[in-house]
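Shared between the two complexes below is chain A, which has chain B as its partner in the first and chain C in the second.
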Partner chain A sequence: MAAVRGTAPEPEPALFRAKLANVRPMVNMLKTISFRPRARCVINPDGLVFTVEESQCLVAQAYLRAELFTTFSYDVQLAEYYRNQEQAGFEAEDSQDGEPSDVTQVVLPLDNLIECLTLFYGPSGTSSSGAQSGAHSTATLHTSGNPGDLRGATTAVIAFNGPGTDFELLLEERGTISLCRLSTFVPEPSVDLKFSHYPTTQQLIIKSEWLRDAFNELDPTSESVSIYIASSEPHFRISTIGESGSTDMTYSNTERILDSFFCNEDQENQYKLSLILKCKQALAMSDKTKIRINQRGFLSFQFMIPTAADVSFVNFVFAPLVSADESIADATARV
Partner chain B sequence: MRLRAEVTNSNLLLRIVQSIDKLTKSAILKLTPDKLHIIVITDMDSGLQLWSDIVVEALFEDYQIESNFNNEIYLEFNIDNLQRALRSTQGGGALGVTMKLVKKLGGLPVLSLIIRSQSATGREITLCQDVPVRLLSAEQMDAIREPLVPEGQIHIMMPPLNNVRSIAERMKGMGDRVAVSANRNGEMNVRVANDLVDITTYFRGLETMSYDTTTQETSTDGGGGTGRLSSETFTAVVDMKNFLKFLQSHHVAPKNVMCCISEHHALIIYVYIGSAGYTGAAAMHDSSCGSLTYFIPVRQI
Partner chain C sequence: MEAEVPAASLKTFYRALQCLGSIGEDIWIEARTDHLELIGKNASQSAYARIVFPAEFFDAYDSGESDNAVFRCRVQAKQLVGIFRSRTQAVEQCVLSIEQAAEPVHINSSATQGECRLVVRLAYKQRVCRTHRLFYEACETFHSTYDRRDCKGRWRVAAAHAASWVAHFARGSEEMTLQMTSSVVRVRSWTAGNVAQPDATRALHTELSVDPADFDMYHVPHPVELALALREFRAVLRYAERMAAPLSAFFDRPGWPLLLEVAAPPNPDARDHRQAPPTAEFVLATVADETTPAPSSNNATPASRAPTQILAVPDSIEPGSAPSPDASPYAHSRSSFAQWSPDNRSDSLLATPASARRANTATADSIAGSLPNSLGGPASQPVPESRVPTARAYRLLDMPRPYAPPGLTDTQLSDEHAAADELRNAPPGMVQTTLPFPTTAAQRPQGDMPVANADYSSDEELDATPPPPSKRMRALF
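Moving on, here comes the complex of A and B:
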């Protein structure tokens, strides 16, 4: 290993640079989709979108709007220049997945990104305290694990200088500085479950606490979970059939539970329970959840998460389980 | 051979033993009329070694020691056993703890801790914790020597151990080796890297010292460094596991920890115990309590 320089270098401003007064909101958002080691990060003038995909049946996205950052600078012209360089020599059809040319896409290790951002969190997961010794730590300096608690917080500068370079983080807390470099990878063609390609036939907004109760009741021994939405009672039902029996949670269309309700077509669809459960953390952090199902039975959960004066979104899209009498060809034709 | 003492600071003794918990199975206890030494050797060649000394007054009262070898006694003990025994000395009702070297039935020597405490009902209870020990001869003890390490290039006072520890705990998953660097500008860096991620943490505003080979004296570096050499950085790459083992010394709540980098050879870290009233490099001269000295060999590629 080469000896490091004595002074901490600043990342040079180039393609993308953003400053965060406190890493916590970003960490909390990223943790909701951290069930895969790698994520695709899309940088555009409006913010960052982190996407993870599993088994080609689940796509989860966390949207970090530019307003969440203290400063957010993204050089669109430079981004277009890099895109053109990358695609020089490719046929028009081969160019990336229909994304506008002003976005920058990169794949990076999500678990390592979160580990770096939480570097100053301390062994118990809270921010490191200023106390000198293990035996006499003063409780008053210790910050709680409450996500809303911003005392003793880590600030961060995030930078990315284009394809082939590292994703850089410059973290600071109480005078201690950490420079983290994450390897980046060229994105492969993304899995897009294309939820919006088909009309939404059912939609409701439910207070997340109700949905959390439902998730707690789901029988983990069940392979699948069934979601039924109809224009008559029961309007919304979640059920599982497991080794010990079946569970049904039903919700009626009352103001107390459902903020809005729309149902064009009564439908029941099954989804793999183990995948549905991956959104538990996003659900835990959210106030409300928008549930949509499209004509092909794809399910979208949009979690509305409160962050410093407004709302951020985390989105999960699930492909439905293929039913026994439907062929694989039929199922892939749905996408 | 005779050893008997009132353990007036069992808490400090427990915390010292907690610092060495899980370093390895057994350790050596060398007792002299003035000092108690705990020596831990994890691996003769590539492992961490801990050599410590504490003045007996910091731990005991009415300390009586007699033997045929300059009134010194050498014991080998199982760390976990001693730790468990010392844990019994803690607790609200403890009235006093006596330590004795005793030969049990069958001729096996034990270090016996006799704990007198008061139960909730006010009755006095005596609990006896025996830690089996192996007596070492003077020849065996003599064969155990502190490692010889070339003089280091730089001595620097470390940042608060808890800060270093929490960061090291987070960095440990990213590599099995860690690079510790320092320069005379008072900066210390800790770096871990693997294929996917590279993290360097910079601690600044630390006190450094120079060793003058002619006068054999150490002195604090002037603020701002000494010209063109002040930003020269010295680095030691050690096993992350050993670095974390040294960080277990946070149990003794040290106010002063000095790190010496001997490039290509070792990190030598002096953890000063209970230096009340002295802070910074001056702690080196404060022998009020004692110190734990860690030798961490540089990793050979």
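Moving on, here comes the complex of A and C:
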């Protein structure tokens, strides 16, 4: 751990460096996918993508575009240089096939990352600026809350210097500076559910508010949730079958609820309820959700989350449940 | 059966379901041609609730059966309540219906055929629709046989006022007593605590007095004291408060159940549920007294200890036990001392009648035909309930000293007035006790170690010579 210095360290040439005026949007985005301990972070010239995957059936990605950061510098040549070095040193593994060599991939401990970013948050988890939590936080120098939007904003400088080095976070709030270093891990072969490899047969955009209600109604004792989209009434139906009976929510293709609707083929697919419920946090923060189902039955939720006067996206892809009497071969033959 | 609840009355319907859900685990539904009944009872069968929705309450109501047949079923309360709990403001239409298999389901048949579901369909604005299909079980329902016309005492009070009685009861309170006389009503909370723990005596109890003038109608011909479980009473009060309807009570004597009714008068001018509001009746069992006969006279038992059967099912024969004379040597001198038993100390704030505790444990499950197990309960010895509740003195009772052997700390004397005087004149912290036998102070030789006896009333005791130093030193090692 580097010592905490009184002044910020001098900028050094680094592979990747970004400055963030307020960590809150980033923290919010990361929290939506924080159900796994580790996340893969892909750095490319356009921004950062954090990916988590669960039991090879769920892949969640949070996109943080470069515009979200105050400064964003990514040295593409240095990345290529490091990549070539890496591949020269070891046997080139095919696991990175198709990946462009100008992106940097690193696996970070996600919950540690969030914990560091929220270092200056009060014990209640909110920013430590509020008058009620200002007294508790030992990191703040002032006890009175600052008015306005900039109250207690933690600024951060994120830096990463290539595979094998630590991921550095330099956080500052009201004069207190903290430098955090997170160990990084070599990325494993990624699980890609290959959603876009098959044509999308159904797509709709729905206001997240209705979806939130639907998720609250889903019977938690049920194993699976079934999503049925059809071109005739009812257009969109979510149903569960649980211990006490069945519940379903149906939506019609009206303008107020479904912003857009496209259905090539009537399909009903089942998904594991416990996995679907993992996107509750993202749903809670989002305004709109785009639901897409491809020909293989894979489901994609794309949540549009307002961040700092702009929007960011979090993407969840789910693999469908294959029913017991239908073998996997049949399911793939459905393609 | 098909019933359409008007959107404006959804909250009322939800409150009724919530009340039944807080009383018991299941809700019984009985659909008759002119009204819909929701019935609930609690696990120990000591509370019964029935809420009747007249046909005019609904936008559309069809019981679906002929006049002779009545549709009866039972559903899980939690599921039904949960359906209506979430936001109901945007609901445009709510329809409850029964989906049955092709063949009619006979209650007497052993197996139900096909998919039978209670379907609750909520239609929201913009053609969003939520449908719940709940399993139900066709079964018999039950009704209370108690009639309020048999009750001699009655009163009616505004719900908010009644709710304020129990609002401040401590959270651990499990029982309450209502002592009603012609001049005052006293409401008191009790904890049926574990007496073995000395900490239990530190529980907070609350007692408050209500003026009968606050009641809309108050008619209590003779003083009566009823002890009942607080939980169900609270559920009733909550319902009455939410419905903003007056609460009427009908009662007779301890042991007879307390009948409560919550019914707002119909308001024909209103356009919502107030036009035909639901009527709710509740029957709460009260703790019986030894001296009062059981209300169901076909039982030949002289004493009914457990809360009386309130349901119209055949009563079990409870082996009665006449109050047996207490075996304590002091019985003849002080009758109240006879109640010194681990679970029934009269000088303890926990001294609810032991039958109250038995009330909580007695299942009285006569439907299964099993004998009540109340006799094997905490009352290991038959405790005479000679203490008529009306004679129970409401005063701050002395806390029993932990190391005093039983029999010496009882403060109820044959000469109650003398004791009362002593109590009043005693300085705080000093407990006054007069023993029936000569005090040991005069008899004890000097220089004795002060034994842990209860009689500290005389100052000589305090000036008694301390134990010799040698004895004291020995105690340190």
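As a convention for this text, the second predicted complex is superposed on the first by the 286 of 335 C-alpha atoms of A that agree within 3 Å, B and C clash if a C-alpha of one lies under 4 Å from a C-alpha of the other, contacts with A are read in each partner's own complex, and residues count from 1 in each chain.
Quick note on the criterion: contacts are C-beta pairs under 8 Å (C-beta built on N, C-alpha and C of every residue); 3 or more make two chains touch, one makes a residue touch a chain.
Computed from a predicted model, the values in this text were never measured in an experiment.
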Query raised in the report: Now for A:G245: first (chain B), second (chain C), both, or neither, which partner does it touch?
Result: second
Return first, second, both or neither, reflecting whether A:S274 touches chain B, chain C, both chains, or no partner chain. neither
Just to be sure I read the superposition right, which of the two partners does A:N264 touch: chain B = first, chain C = second, or both, or neither?
neither
- request: Considering only the touch criterion stated at the top, classify A:T254 as touching first (chain B), second (chain C), both, or neither.
  value: second
Larger residue footprint on chain A, choosing between chain B and chain C, goes to B
| message | A:T200 in the overlay: touching chain B, chain C, both, or neither? Say first, second, both or neither. | response | neither
First (chain B), second (chain C), both or neither touched by A:E217:
second
I'd like to know which partner A:T176 touches here: chain B for first, chain C for second, both or neither.
first
* Asked: Counting only touches as set out at the top, which of chain B and chain C does A:S73 meet: first, second, both, neither?
  -> neither
The residues of chain B that touch chain A in their complex are 15, 159-163, 165-167, 169-171, 173-174, 177, 179, 181, 183, 185, 187, 189, 191, 193, 195-205, 231, 233-235, 237, 250-255
As the complex stands, chain A meets chain B at residues 1, 3-8, 109, 112, 115-116, 118-123, 128-129, 131-137, 166, 175-183
Within the complex, chain C is touched by chain A residues 210, 213, 216-217, 234, 244-252, 254, 256-257
Chain C contacts chain A in the complex at 76, 78-79, 86-87, 117-118, 126-135
